[in-house]
Amino acid sequence: MCRWLAYSGSPVCLEDLLYKPQNSLVVQSKHSRMGAETTNGDGFGVGWYGRHTVPGIFRSTEPAWNDRNLRELSSQALSGRVFAHIRASTGSPVQQSNCHPFRRGEWLWMHNGLIRDFHLVKRDLVLEIDPELYPEIEGSTDSEVFFYLALSYGLAADPPAAVARAVGHIEETGRRHGVEHPIQMTVATTDGVTTWAFRYSSEGQSRSLFHSTDISTLREQYPDYPLLHGLSDDTRLVVSEPLGDLHGAWREVPESTCLTVRGGQMDIADFTPKAPRAAA
Amino acid sequence: MCRWLAYSGSPVCLEDLLYKPQNSLVVQSKHSRMGAETTNGDGFGVGWYGRHTVPGIFRSTEPAWNDRNLRELSSQALSGRVFAHIRASTGSPVQQSNCHPFRRGEWLWMHNGLIRDFHLVKRDLVLEIDPELYPEIEGSTDSEVFFYLALSYGLAADPPAAVARAVGHIEETGRRHGVEHPIQMTVATTDGVTTWAFRYSSEGQSRSLFHSTDISTLREQYPDYPLLHGLSDDTRLVVSEPLGDLHGAWREVPESTCLTVRGGQMDIADFTPKAPRAAA
Amino acid sequence: MCRWLAYSGSPVCLEDLLYKPQNSLVVQSKHSRMGAETTNGDGFGVGWYGRHTVPGIFRSTEPAWNDRNLRELSSQALSGRVFAHIRASTGSPVQQSNCHPFRRGEWLWMHNGLIRDFHLVKRDLVLEIDPELYPEIEGSTDSEVFFYLALSYGLAADPPAAVARAVGHIEETGRRHGVEHPIQMTVATTDGVTTWAFRYSSEGQSRSLFHSTDISTLREQYPDYPLLHGLSDDTRLVVSEPLGDLHGAWREVPESTCLTVRGGQMDIADFTPKAPRAAA
Amino acid sequence: MCRWLAYSGSPVCLEDLLYKPQNSLVVQSKHSRMGAETTNGDGFGVGWYGRHTVPGIFRSTEPAWNDRNLRELSSQALSGRVFAHIRASTGSPVQQSNCHPFRRGEWLWMHNGLIRDFHLVKRDLVLEIDPELYPEIEGSTDSEVFFYLALSYGLAADPPAAVARAVGHIEETGRRHGVEHPIQMTVATTDGVTTWAFRYSSEGQSRSLFHSTDISTLREQYPDYPLLHGLSDDTRLVVSEPLGDLHGAWREVPESTCLTVRGGQMDIADFTPKAPRAAA
């Protein structure tokens, strides 16, 4: 599996986000506490919004803990919206095109989990992808196919609905092939303005997911904690596992929900896959 | 485009094959004389038959001229059947899974050329691949899709017929999408016993392809030429461009033909793509 | 050998500098016109001054033409002072720590050329490096040893004098070991404010080096040329070979000189190595 | 730190050695049980004696668990003498030239542990290296400098004496710079015929080291254990940690000893560093 974080708020130096926290994502790449694997050494990626509406992405097959270019980039780049992901492959090759986040236009997508028995269902899933979009797939992961399914179902217009249809299709296809629990997922996607994060699994036991609590409250509670200063009140983090032990700083995202972050506003709504028949 | 060689004959040290000739494949990686590009620096691969019926493959995204592991392996490995390929990408990512030769079971496949406007036809071509085989595709090249098409059409049973059907399908699909000259190719494939090499292009102006001439005649003609000794009489090479300037050592493979090499025997037959309708 | 460029002036998107010119450095990585080698595919590096006095460096062993992360970084990063280098190794391994520019504190250093018979003189040169600095050497190139020699001789205080002493020591050491022409070089170094560029070789036939001419004059001369607009009048480029064919835009840096660029001011002074004895 | 194994005996397929054991070296690269770090993901290397007296080496900066070329090579190569090493860097860059085993001529060398405060002592250690050998150093690790010290002190003539002098010099140099415990080591070296393995540390608490016990006894004891068949009686393994849980199969190498393996014969002798003065 993998670990990821989605940041939005006041422009932050990527280094402060990826390296400085006690249990930072780079630390997690070698010593994850809550991941299905302790080592997430099969590549990593960062997507950050800067000068353009299209975000930059930096992806590498090296373990994040070793990558000097990641550290250099991180010390120079500032961004108010960052996606970062460390990978523990579930079988597909360790190559740049299989690293998250995936990008199309101004959209980013990253996934922790898997489509089970992907080799059984891959062809049927790929057939469902919009033929216009299909040739843009570059890698061989389940996660990228999942992204392109969501794009085909209208991610840009209504992300929760598109993801619900994509998951519904994946579950229906998996079950048709005899897969008991076709999907396990925490997913984050953004258009650069809003972030949507999903926690769901067919078996109802999803990978861990947390969001940060109100920064201003934390700041009052911990007046001596430097990391909290300099961040605007609307700063929000969604993470696979907490970046530190600050009591009260993190709250679990409930099972089968979609969390929407727009500025300082956070909404949690139920997430229910939409079966293909219902969609038609 | 790319450059390749297919060797069969007495067991040879890979180093003698890949590094020692005057215009060796490693030299060609930086300074190809006859290629569409002089630089073939977008990865390379070697397949060699050793202890098993399944050949080993060593593929890397580094330029061949820099790869120290290739040199080490080459100085240690002996093989009587070797495929080697240097890549000049026509657009798909430089990643190990896009390097030739491709392998399935005991079969190897490598390709110089391209399927034109591949993004237009990729989906239709992929749909034609046997659903059992489809999930094994790991990379994103036209060449690997071409291999899986040929496998789907019975490569293992009758290689020339399977390749003829694959090319027929590629041409028919390309033309349906308005592509004037859908394919440009020299292809080599082997099961470890026989090698089949194809030279063909929709426009009738195919990439260069040569085969070595009879070793025993050359040996008489050039008694002082050390490379020719130690090679058995049935040794044969098929190459994108000659490995040296020895007069009489190389003969061009004609346009639109399939060359079959089994032991010391070489046959050249016409190659005509088989349109899908005719195939049905 | 290698190719490089040193930019100073109004903040520029790295993409405009590295990719957009007709004969850009990325183009030169595959097809250099004036280099000792046409292919400079043995890694590359970029140093850029951004948020800190210490510049960022991004270095990779991949050919520049293939590196997707370089393209991503280049499309996002703006800088008013950029060093970029593409490498054609003269023997030392292709590894990140051998890629230019080298950095120490706020200083950058890059080199095209070589210290001849480096294996003969390496130990003597290394012994001359300040013992405090010595352990910071990470790679195995002649160019990095040259940098540390210059640092040891006071690069930070007086760059032309320090480089003159370093070259003097290299020539004296080489000759003592029977090397006829110990050094061939174009070198650029900067502290983030001023750039010094050197063109010199023991044999008096140095690698090519050019600087841009006055931007405002060019702008009047070519009112329709978009690249010239948006650049401030004090913008200056020093390059191994011109980035395009604009008549009058480039002037050769003379043999055995040191070019100093500070803001829009450019000075050319004679460069004479200082023999160690004279230095003592 | 790192993990390693040294094999000698009947020719074995590298795959059987590196992948098949329950706690194989490749397993240890992700989940070491006894290492200072559980993850040894900073590159790896294999040295094997094949067709020449000079062994082949295959080294890579990828984690061993991900490297497909290592798996391919391992399934094809047979050797009666193999060194393999997985690296957990103590600070020097992750680059091929820093991966073990190091090679010079027919000699291999690998090291688990470190020279403490290497930056303080590096220059003094390097000065002690034979000037003829010095330019061959390619990487930047303490382990390679240690190898070249041992070579300078006559490794080829008398390995235990040369290593004793090297360690004596390292300890004397470290202490002169105020380092309390200058060295921590398990080292293996071979000329292709004999293997010498050392376990020593200045503090007398050395990293774990084990050797296999008599294969023929084990075979009688475990008649149903397939791995033991096919191995000749003189097969011996020296390893950082046992490759499996077979009771009685592994015996700890004592502190401060040198283990010599020549054919089926194993000798353990005390190892005492030789201070430079005594050496003079």
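Going by the order they are written in, the chains are A, B, C and D; count residues from 1 in each one.
The rule we apply is simple: contacts are C-beta pairs under 8 Å (C-beta built on N, C-alpha and C of every residue); 3 or more make two chains touch, one makes a residue touch a chain.
Chains and their UniProt names: A, B, C, D = Glutamine amidotransferase.
Since we're looking at a predicted model, the values are computed, not measured.
Chains that count as touching both subunit B (Glutamine amidotransferase) and subunit C (Glutamine amidotransferase), per the definition above, are A, D.
Common neighbours of subunit C (Glutamine amidotransferase) and subunit D (Glutamine amidotransferase) under the contact definition above: A, B. Centre-to-centre separation of subunit A (Glutamine amidotransferase) and subunit D (Glutamine amidotransferase), using mean CA positions: 41 Å. Among all residues of subunit A (Glutamine amidotransferase), those that touch two or more other chains are 68, 93, 96. By the touch rule above, subunit D (Glutamine amidotransferase) contacts subunit B (Glutamine amidotransferase) in their complex via residues 13, 48, 50-52, 56-60, 68-69, 72-73, 75-78, 96. Within the complex formed with subunit A (Glutamine amidotransferase), the residues of subunit B (Glutamine amidotransferase) that make contact are 92-93, 95-97, 118-120, 122-123, 126-127, 131, 134-140. By the touch criterion stated above, subunit B (Glutamine amidotransferase) contacts subunit C (Glutamine amidotransferase) in their complex at residues 30, 38-39, 41-42, 61-63, 66, 68, 89, 93-94.
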